[in-house]
Every structure is written in C-alpha cells, then in structure tokens.
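Presented sequentially are two complexes of subunit A, the first with subunit B as partner and the second with subunit C.
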Partner chain A sequence: MTQAEIKLCSLLLQEHFGEIVEKIGTYLVRTGGQPLRAIVSDTGTSLDQVKKALCVLIQHNLGTYQIQKRGFVEYSVQCSRVLCILRYPRYIYTAKTLYGDTGELIVEELLLNGKMPMSAVVTKVADRLTETMEDGKTMDYTEVSNTFVRLADTHFVQRCPGVPDASGPSDSAAPPAPTLVIDEKDMYSVPRLNLIGKGKRRRSCDDDDNGEHKAKKQKQDLESQEPPPDDGIYWQVNLDRFHQHFRDQAIVSAVANRMDQTSSEIVRTMLRMSEVTTSSNAAYTQPLSSNEIFRSLPAGYNIGKQVLDQYLTLLADDPLEFIGKSGDSGGGMYVVNLHKALASLATATLESIVQERFGSRCARIFRLLLRKKHLEQKQVEDFAMIPAKEAKDMLYKMLSENFVSLQEIPKTPDHAPSRTFYLYTVNVLASTRMLLHRCYKSVANLIERRQYETRENKRLLEKSQRVEAILASMQATGAEEVQLQEIEEMITAPERQQLESLKHTVNKIDASENQVDETIFLLASYVDSTVVAAVKKP
Partner chain B sequence: MTFNVEAVGIGKGESLPPSTLQPSPLFPPMEYRPVPLQTGEEVEYMLALKQELRGAMKNLPYFVKPAAPKKDIERYSDKYQTSGPIDNAIDWNPDWRQLPQELKIRVRKLRKGRTTILIPKGKQRVSVDKEETIKKLEETDYIMSYFDNGEDFGADSDDNLDEATY
Partner chain C sequence: MAEVKVKPEVPDPLDVENRIIELCHQFPHGITDQVIQNEMPHTDAQQRAVAINRLLSMGQLDLLRSNAGLLYRVKDSQNTSKMKGSDNQEKLVYQIIEDAGNKGIWSRDIRYKSNLPLTEINKILKNLESKKLIKAVKSVAASKKKVYMLYNLQPDRSVTGGAWYSDQDFESEFVEVLNQQCFKFLQSKVELSMEDIETILNTLIYDGKVEMTIIAAKEGTVGSVDGQMKLYRAVNPIIQPTGLVRTPCGLCPVFDDCHEGGEISPSNCIYMTEWLEF
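So, the complex of A and B:
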C-alpha cells in the first residue's frame, strides 16, 4: 500500500470509529500481522483500549485474526477493505434501487453493525420501517424476511464464517481462538426461521398502553433469555457482489453511450445471465449462445432473432471488443470481455482527465499515442497536425506529469544517445496507478479540509445545535410563535449566513468525495483485473 | 547535455527552459477550470446518506471514545457531566465464541429501554436531531434536579434576624 492509501484509511477509521480504533487500525495496516502484546507496546495504548479496538475492527470485517503455529494469535487489517468505507452510501443506495426501502435498510443495518444474525436484522428493520408508516400501520416481519432472502439469493449478503459444529469429545485445552470456517454451499443459505411479528414503534407517551406495556415487557424478558433460532449464524454485506454490479452498470452505460439502448439491453441481459456463474475477477464471462440470450431478453423487448444476431455481430466487431465471439454453436457463442471492458473504461477515464487538465489538443496527442503505441517526436507533430513547438511543449507537460513516457530504442550496442530512437508512449497501467494514487491523495485532502472547516466553526455549530435543541423542546411543550421567534433570533443574521456557507462548503466537499470514489472504483477495478490476469498466465 | 538534444526535439541553438530552483507551489494555478460536480436526485440522496451515516456512527457503541483527559482543576460541574464509557468495558455485546479468548472484555449492561433506534431518513432530517435533543434534554432535566435551584435560600436567613443581611 502507498502512503496515500494508509493516510486515507487512517482518516476513514478516525471519522467512523474514533481515534483509538484509528490508531490501532493504522498501525496494523502499516505493519501487517501483529500479536496483541506487540500492538500494546508499539502503539503505547492500554491493553483494554487495544482489545476494544480489535473487537470493533473484527466485528466490522475490517480486521481478521490468525492462529500462528507457535500458538499465539496474530491480528491484521485489510487496507482495501477499510477504503470501502468511502463507498458505503453507494452500497446502500444501490440496495434501494434494487430492493426498495426494505433492502436499503437491511444493507444499512448490516453496514452499521458489521455482522448481525438474520433475526436481529429483520426485527430492527421492521421497527424502523414501522416508524415511518402512518399511525396504526406496522411492517410485517415476513415482508422483511422475504427481502432478506432475495438479497441472499442474489448474493448481495452472505453468511460470515462461523464456528464449526463441535463433534466428538472436546479437547482438554481449548484453542486460544476459534478457527472460523464456511462451506461454499452454505454461504448464501438462509436458515429456516419462523419469524412472526410486526415492527414496533418506539414507546410514545400513551397512558392507555401502560398496562399492556408491563405485560409485554415481561414476555419480552422471557423471550430474550432464550437464544434466537439462528444463534451463531451471522450475515455480512457481500461487497464483491456490489462491486460486480457497479462494474456491470458501468459497462452497460458505456455500451449505451457508444451504440444504442437496444445494444446496452442485450449486454445487460448477458451480464445478468452470467451473474452467479462468473467469479468476480474473471477475465470474461462464460460463453452464452445466441439462442439462450434470445430467450432471456426482458419481456418488453420483442426484437426478432435475426435482429438480435445482427446486434451481436455488431457488438463483437466493435474495436472496443466489449463482446467477443467464442464459437459458432447454438447460433453463435458470445462472451463479455470483462477485462477488456475495464481497460477501455480506464483508458476513457485517462483521456477525459488529460482533456480537462491540459486541453483538447493535448488530448488529441494523447489519443494518438494510445492508438499508435509508439511515436517519435517528429511523427507526433505530423500525425496530430500541431506545430512543432506546441507539440513539444504539450508532450513535455504530459511527460512531467507521468501521463506519457519515453521509450529508448538503441540503434547501436553502445546506446549512444545520438544513435538512439526516443519514442513517446502511453503505459496505460502505469498511468492508471499514478492517477489512482492521486485520487487517494485527493480524497484524503478533501476530508482534511472538511474537518478543518468544521473545526474552525465549532463554536458556532455548537451554538446552533443548542438553539435547535431549545426550539425543539419548546415546540414539543407547545410554545407560542413569539417565543419561538425570540429563540431563533439568538443566532444573528451574519451568523446564519456563516452557517449557510459552512453547510454549502461541507456539502460540496462531501459530494466531491463521492464523485472521486467513482473514479477510484473504475481505476482500481482495472488495476486489480490486470494483476489477476498476470497471475493466471502460465 | 550528455545526450544529443536534437533527438528529443530541442533544435540547435534553442535555449532550454529555466531550471527549477524550488518545489512547485502548494496550490499551482490551474490552466482550465474544473468541470462542475454532478447533480441530480441520485447524487443528492447519496450525499444525504453519507452525512447521516457519519453522524449515526459517531453515536454507535463501536465509536470508541478516548478516556476523558485529566482536567487541570477539579470543577464542580464535572460531577454532573455525562462522560463517555471509560477504560475497561464496552457497550455492545460481541459473540465471544467467534473471537480469540484474549480479547474478552467486560460488557457494560445497558439500561432497559435505552436502545436508540435510528429514525429513518426522509427529507426532514431535523426530526432526527429533534428526537435526540429531546432525549438529551430529558437527561439534562433529570440531572438538573440534583442541583439546588435556590428555592431554599430565602427560608434559612429568616431565622437569624440579628445577623446583618448582605
């Protein structure tokens, strides 16, 4: 990991879990696996605080532990997983678009709590939904359960590794830590729960319910003493599945932009068919026959078989190679080239960045180099039709910012400079890594700036919160309009303006963080897919 | 130069640009203004989600607050200020069966009925603040009753009429 990634991890941990978790988390990200005593001594934190921090990190799937051969336990934190905290709003919003408010709240509860048993999720979400409903209406547990099952079936939530069933006599010495396992086939299987009930509103000041309350409370106490039926089975959000969904979305919208709506629907269908059969880092999907695709098209699309074949041929012939033809059986076997698609998306991002940063003529040179791979200075000037002096200037600017690199080709074995070709080229992978690093730095800077702005206005923010609290309590006890206005005037007009501008700044910075994260996702997906491809080569 | 500068495109007799004598400025001037941020319902909703998530997580028991720093002088109000959980207990109940034994730590018992249920977001996020602040105020009122609010002040001095009243 780079310094920029570590810094960003540190900021994210601090914002969401506090300074102590941040200290321990950052230390583990930096140093790798460490035993408990090393963490205590190296960070200078008390044993209890370290224990607390580790419990939180493990609970939220940010950290893990491993039992070493010599019997002690080593803890580690995954930098890439911590960086996903930046993307939490996107996961929640996606769940909303796919499974409605219920899905949204399920994913939100799981992200807020790290791991939860299904029964707890269903109860909590039903309660929260009931709060928003009209008086007298409640959310049934079965409806929430059904949405949960759908999320599990489509792999958006998965079971956490658990303690294996104890079989046979227990050993005399219990291991220092349980080895958690999960079987592939169990990962998405929902336990058979008989969750019957409805969401409960938070107790309002109703005197009629007092008698009922006591009876209910006693019953609840009894119930809470028995373990729930799915005791020990915990669920977590499957971030990889969400990433797969984001990637598919990006590919479909790219096809829609480049070609038309129908082509993008065909690609969407192909990706949907491959959802659970393709692993998250495969280079291409399983081959699908044209007949299968035809049968799986969404109901609204009634294009003829021949039209579909024409579209598929067009897509396969496109230079971007999103779709490839892998055979002729079944009317033609087609695959989605995931790796190539990610490469195209990353390259498009690079081109866009060059255009916005250096201007459209630089962008022209950049695209030229992407196409022709290696060009000499003179050739660049000729092909791009840009005067020599300007072309040189632009190339050097891009070179100094590492978007473009020089490749030396010696003519003679002594590599004499006068007898060497110097070719300009774009190394997409290297430039992507450089930009990714820059993105991490940007987000870290944005967070720091946002925290600075909030700190600078701390006094005013606290005053405003106190005033709101007073207003709220007065409204609850039914105060008059005049009194409310008096309290509101405690904040002067210039102060109000200052608060407004602070809110505007913070919103802008937050929105920027979200937007940079979209770029981070695209670039990181491409980089990760190349690493996997390289490892796979024999 | 150790190599033939013509090969990289610098013509004969052309002067090189001035060499850099200091690190580049912290905020270099931008040649082109950046493109404005994306807008739309989706973006607005995710922004709201992000800010609420941040606020919510600060109030969850997973947010480990550092122990309150030792103040210079012991102040009277310290007795009545609600300080965070200190040192050797946590406010949530992990499944100890799935954690290493060495991490086991005391779990503070939660008082019944104090579980905070997050109110789902709507367009009015003020309601969240209101509920929380009403709770805070209820707490404050309870604590306020400990204070001597001065009602007994006048009663005492009636008995000692010969003392000078200031």
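So, the complex of A and C:
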C-alpha cells in the first residue's frame, strides 16, 4: 500500500461513509488484519462505534473477516476494493448502455446498499422508475425481475456467500463467527420468486386517493410481517465481470482505431464468446474456430465466410498481435492474446503521457528505446535523427523523471567510467507502477480541490438550499406568483453566477476524476496480469 | 653526281618539347615513349629524355605509369599556371591529396605518406589553401578532424553525413520537412519501398505514425532485397490521449512538492485555477 493509495482510500471513505468509518477503514488498510480489541485501542474509538463502522464496511463488501487459528476473528479491509468506489459511475453507465434504465437503477441500488435481496431491489427500482414515468403509468415488477435475471445470467450480479444450513450436532460449540460459503453453481441462479405488483408513486398529498392509500398501507403492513420469500439470499455486484467488460471494450476500440469497424466487430464477437469460458486473468482466451465465429457474428453483419477468413488472417498477421492463430482445425483456430493486448494498451498509455509531458521528439526517443530495448547515446541520436545536443538533453530529462534508466556494462573489472558502456533502456513494469502512483495522487488532489471549492462556497450553498425549500413549500401551499418572485430574488445575480461557476467547477473535476480512473484501470490491469503471468511461470 | 649531304638536323630542344606537347594534346590520354619515338625519329633517346625532364620540371607534363610502360600526359594549363610557384614538396603533398579523391585525407596521413615533418606539412597546407588548390572539410564522424581534398571536389557521403547534413550542421529542419512529407505521402495509401529514405521512415515508425511489415517478394521486383520487401503503411494511434494528461496534475512540473497544507497544495494550485476557468 503506497502512501498515495492510502490517502485516496481515506478520502473516498470519508466522502461516502463519514468520519468514523474513514478512521477505522484507513487504520485497517494501513495495518492489515486486526482483531476487534486492537482496533478499539489503537484508534481510540468506542467499541460500539467500531462495531457499527465494521458493519458498514462489511455490508458494502469493503471489509471481510477471518477466523484465525487461535480462535479470534480478524477484520481486514482491501485497499483495491476501496479504490473501486471511484469507478461506481462507470459501472452504472455500463449497465445503462447494456440493459437500459432498469439495469442502471438495479446496479445503482446494489452499489449504494452493498448487499440486497432480490425482492427488495425489484421493489425499490420499480418505485423509482414509476416516479419518472408519466402520470397514470406504473412500472411492472415482472419487467424489473426480467432485467435482474438477465444481469444474473451474464454474471454482472452474483449471490453473496451465505450462512450454511445448520446441519451439525447441536452440542458442538458455536464458532465465534459464521463461515460464509457459496456453491459455485448457485452463484448466479436466481430463486424462483413470484413477484407480482407494480411500482408505487410517492405522493406527498393526494386527496382523491387518501382513502385508498390508507387502506393499502394497512394491507401492506400485514404483508410485511411475513418474511419475503427469498430471505437470506443476498445479491451483490460482480465487479470482476465489469472489469472484464471494460478490458474488452478497450481492446475492441484499439482494434477499431488501428483497423476498421468490421475487424473490431469480429474481435468483439470473439470476446463475447469467451466471456464465460475464460477466467478474468487468463493470458489467452480459449481457441475459437473460424466456423464458430462465423455462426456467432451479429445478425446485421452478413459478410461471407471467405471475407471473415481474410479478416482473421489479417488480424493474426498484424504487428499488434492481438489475435493469434493456434491451429488449423475447424477452419482455423484463433485466440485473443489478452496479456499482449493489455501490454500494448499500457505501452500506448505510457507513450501518450511522455508525448504530452515532454514533446513529440521525446516521444520518438521513448518509442525507439521501447523497440530496441538497449541503446547507447550515439545510437539513439542516429536512429531518431535528432541532433546530439537535443537528444542528450531529452534523455537526461526523461532519466530524471525515471521514465528511462541506465544500464552499465563495464569493459574492465574496475568499472572505470571511461571504459564502460552506458545503455539507455525502458523498464515498462517499473514505469507503469510509477505512473500508477502518480495517478492515485492526482485523483486525491482533484478530490481535495473539489472539497475545498465546496467548503469555500458553503455559505452560499446553504442559502440557496434554504431558498429552494421555502419556494417548494410555498408552491405546495399555493402562493401567488409575486410572492414566489420575491423569494427568488433573495439570491442576487452575482451570487447566481457564483453558483453557476461552482457547479461548472465541480462537474469538471468530477469528469476529470473519471478520466484519470480510466488510465488507472488500464495501468492496473497490466500490472496485475504481468504479476500473475510471472507467478505462473515455473 | 654530287652527293647531297643531308645534314643531320640537330633538333632544337625547344622544338622537341613543343612537338611533344603537341603530341600530348593530340592524345589527351597520354602517350608512351614509343609514340614519341615514332613521331620524331630524328631525336635520339638522350634528347627525348632531356626534353621530357624539362617539361616535367616545368609542370607541363604528367608522368604516369600504366601497364604498357610510362605515359606522358599534358597537364591542364590551368593547373600548370597554378603550380608554377610551388616547389617539389608542395607538389608532392598536392599529389597525395589528389590521390585521396573525394574522401579526403587527414593531415597525419599526409605526413606518413610524404615523410615530411609536421611543421613543413602545415606550412605547405596553408600555402595550398591560400592558393585555393585544396580545401579543408570537417568530418562529421569526429568533429575536430579535418580532411583535405582538392578544391573543386564534392565531399563524399561518409565525410559529410550524406543528405542530412549541410555545412556540417545537422539539417533538422530538412529532416522535419521530409518527415512530414513522407507521412502525407503514405497517408494517401500508397505502399512503397525505397531504400533511400529508409532512415526517415524509421523515424516515422518511432513517432508511432507508420508501421512496417516485411513480405516475401519475388527476386527482381523493385526494391526487394534478398527476397523480402518492406512495406510501410500509415496508421492511427491505438488509443486517444490518456486521461491522466487531461488534468493539470498529469503535466504539473512541481507535482512532487504538492501536498495538502503545504506551500503548494491542491487547494491553492494556480494551474488548477486556470484550468477550471476554461
């Protein structure tokens, strides 16, 4: 856990859950797994509050617990999971593009509440959708349930591990904490629920329906006393699946930029076919035969089999090496090189950063070093066709920022500088980690700035909120037009402008946080997949 | 019958010389001794030798060796006037430099070849330069080294670095312009393989704008080397400029000094203020 990551975690926790959770969470991120007593004593908060904070963390899948050998329970918080909070808007947006407004709201509810049973999700989403619909229309539960089932089938939401059925003998001592288990095949199976009903609109006052309303309320109270049919089965969002989706998106758009639309569609089809068969950190997808790909192409693309074969050959021969050919059966077996694709994307990100920070000539030297691995000063000048003085200057600048490093190769055992080769080289993994650290710090800076801007204008924001509240209540009681205008004028024109600019500022910073998060995603995926590949190698 | 005595004509030495020069002019590639003998049968070997020696010392004749024997060639009149004032040493040095052709020769090498002391060489070189017979060209390989070649010769590529150098300075503007031109040319989807500008194309590759593939080509196709041909194609970058560089922090020069509560902090960052006002 680097300093920057811990700082970012604490900022996120504070913004979303408040001071106490932030204190406990940061402490656990920094020190790893700790038993309850240690947390209480080290952070100086009361036992009650610590328990509540831990509940919040576990509910939102940020923290976990584990029974240690000695018999006590240790609680821990995973930094990487906390950092995923940054990405919530992106998850919600993806759900919207794939499954429409219903999907968007389902994912949003699940993210906001951590874990929920399906019936609760469906009810809440239906209510929310009904509010946005026109008068008289309501959202049917079945529609929401269908979307939920589709989300589960494509593994975007998954069941949480649950308490196992009590089957052991009753005289054995109860363990200090239940061990949660979930069966692989149950993870995405939706329970059979008979959810009938429609979404309810929240009406503040409606004389016509008053009588009916009361009657309905009574009936509901009776109903809510019975436990919902799916008690104990909780659902959570499957973040890994979303990450897989983002990765696929990045690869497809890279192919579209490098080649054309049709080839990107072919790659998208191949990735879709491997969605459920390939684990998220595999280096290659399963081999797919050209016939299978042909059958699975989307309906709109009626390209001939031969054309498809040509495209596949072209993709396999491309220097990018995103697609590889692994055999000839079934018309040619093709795999997607996931690890290589991630490496290319990470390298492209590095190059883009060097280009924007130092200029296109430095970028040329950087790419040259990436290709040729190790080069002397003189060779760099020759290949890149940049005059000696400038090349030297650029190399030293990049060296000081740790984008390139020097490798010494001595000619004599005494390592005399005049008789040593000095070769410039780029270490991609180290540079990626360095830039990742920088990204985390940047996001922390952006969040701090946003909070500062909001604090500065706190007085103004409170005033505008009061005015809005007054306006709303006056409208409800049926005030006159003149009175409403008077209230509105309580906020002067320059104040209004200040509010506008504040809104603009906050939006801009928010958008920028999301953009940096995209970079974080690419770089972090590359680092993870490289580490996994290194561990796998014998 | 009265004997007509044919007085053996004593050939006038000057006559002989002129005759030889005329012959040389007739055969600009050079004449052998044999030819002179044939043309002027009344001269004997001694006279010929004297005449030729005189011409040589006056610098009007060049003595060359060929597989047929010795050749005498008339020297350029321009040259002859030039060399009039020089002495033998200078002529020797000049000869050495001339032999080096358009690659030029280093002063140390001249010393080795002529066995003259350094001070002499320097004096002679200075003299020749002032007479505009030779010139010094700075080598691009080692910038302190000077090679000497004849005044009117074009320096060789290896000395001046070829098309990319002009007056010993790296023509970066020229490189840039060609860079852009090649890129535009390739963008219009013409595939070409030209050895001459391969280095420039490589820089375009390093710029990430162009990619290269090697395909098998038949022997004899234009540009193929060893049965392979390099094809170049303009490409787009695979990602858009990344998110980090769209924020001020990504490009900030004082990033490492920035922390909350310090002199430089996110709250009072001037770059952010400017960026937010956009």
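Structure notes:
What we mean here is this: the second predicted complex is superposed on the first by the 528 of 538 C-alpha atoms of A that agree within 3 Å, B and C clash if a C-alpha of one lies under 4 Å from a C-alpha of the other, contacts with A are read in each partner's own complex, and residues count from 1 in each chain.
Keep this in mind: a residue touches a chain if its C-beta (ideal position, glycine included) is under 8 Å from a C-beta of that chain, and two chains touch if they have at least 3 such contacts.
Quick caveat: nothing in here was measured; it's all calculated off a predicted structure.
After overlaying the two complexes on the shared chain, residue contacts for A:E19 are found with subunit B alone; subunit C is out of touch. Once the two complexes are laid over each other on the shared chain, residue contacts for A:N445 go to subunit C alone; subunit B is not touched. Within the superposed three-chain model, A:E275 lies out of touch with both subunit B and subunit C [touch as defined at top]. In the superposition on chain A, A:D309 makes contact with neither subunit B nor subunit C. In the superposition on chain A, contact is made by A:D127 with subunit B only, not with subunit C. Applying the stated contact rule after C-alpha superposition, one finds that A:D140 touches neither subunit B nor subunit C. Look at A:P319: by the touch rule set out above, it reaches subunit C but stays clear of subunit B. Of the two partner chains, subunit C is the only one touched by A:F383; subunit B is not. Of the two partner chains, subunit B and subunit C are each touched by A:K508. A count of residues in subunit A touched by subunit B and by subunit C gives the higher number to B. The residues of subunit A shared by its contacts with subunit B and with subunit C are 356-357, 388, 508, 512, 514-515. Of all residues in subunit C, only 164, 170, 172, 175, 199-200, 202-203, 205-208, 211-213, 235-239, 241-247, 249-251, 255, 258, 260, 265-267, 269, 272, 276, 278 touch subunit A in the complex they form.
Subunit B meets subunit A in the complex at residues 2-4, 7-10, 31-32, 34-35, 37-38, 42-43, 45-47, 49-51, 53-54, 56-57, 60, 62-67, 87-88, 90, 94-95, 97-105, 112-113, 117-120, 122, 126, 129-130, 133-134, 136-137.
Interface of subunit A with subunit C (complex): residues 250, 253-254, 257-258, 317, 319-320, 344-345, 348-349, 351-353, 355-357, 360, 363-365, 367-368, 371, 383-388, 435, 438-439, 441-442, 444-446, 448-449, 452, 504-505, 508-509, 512, 514-519, 522. Residues of subunit A touching subunit B in their complex: 15-21, 36, 46, 48-49, 51-56, 58-60, 65, 73, 88-90, 92-93, 101, 105, 108, 111-114, 124, 127-129, 131-132, 162-163, 174, 176-178, 180, 202-203, 217, 232, 234, 356-359, 377-378, 388, 392, 395, 406, 417-418, 420-422, 465, 468-469, 472-473, 475-476, 506-508, 510-515.
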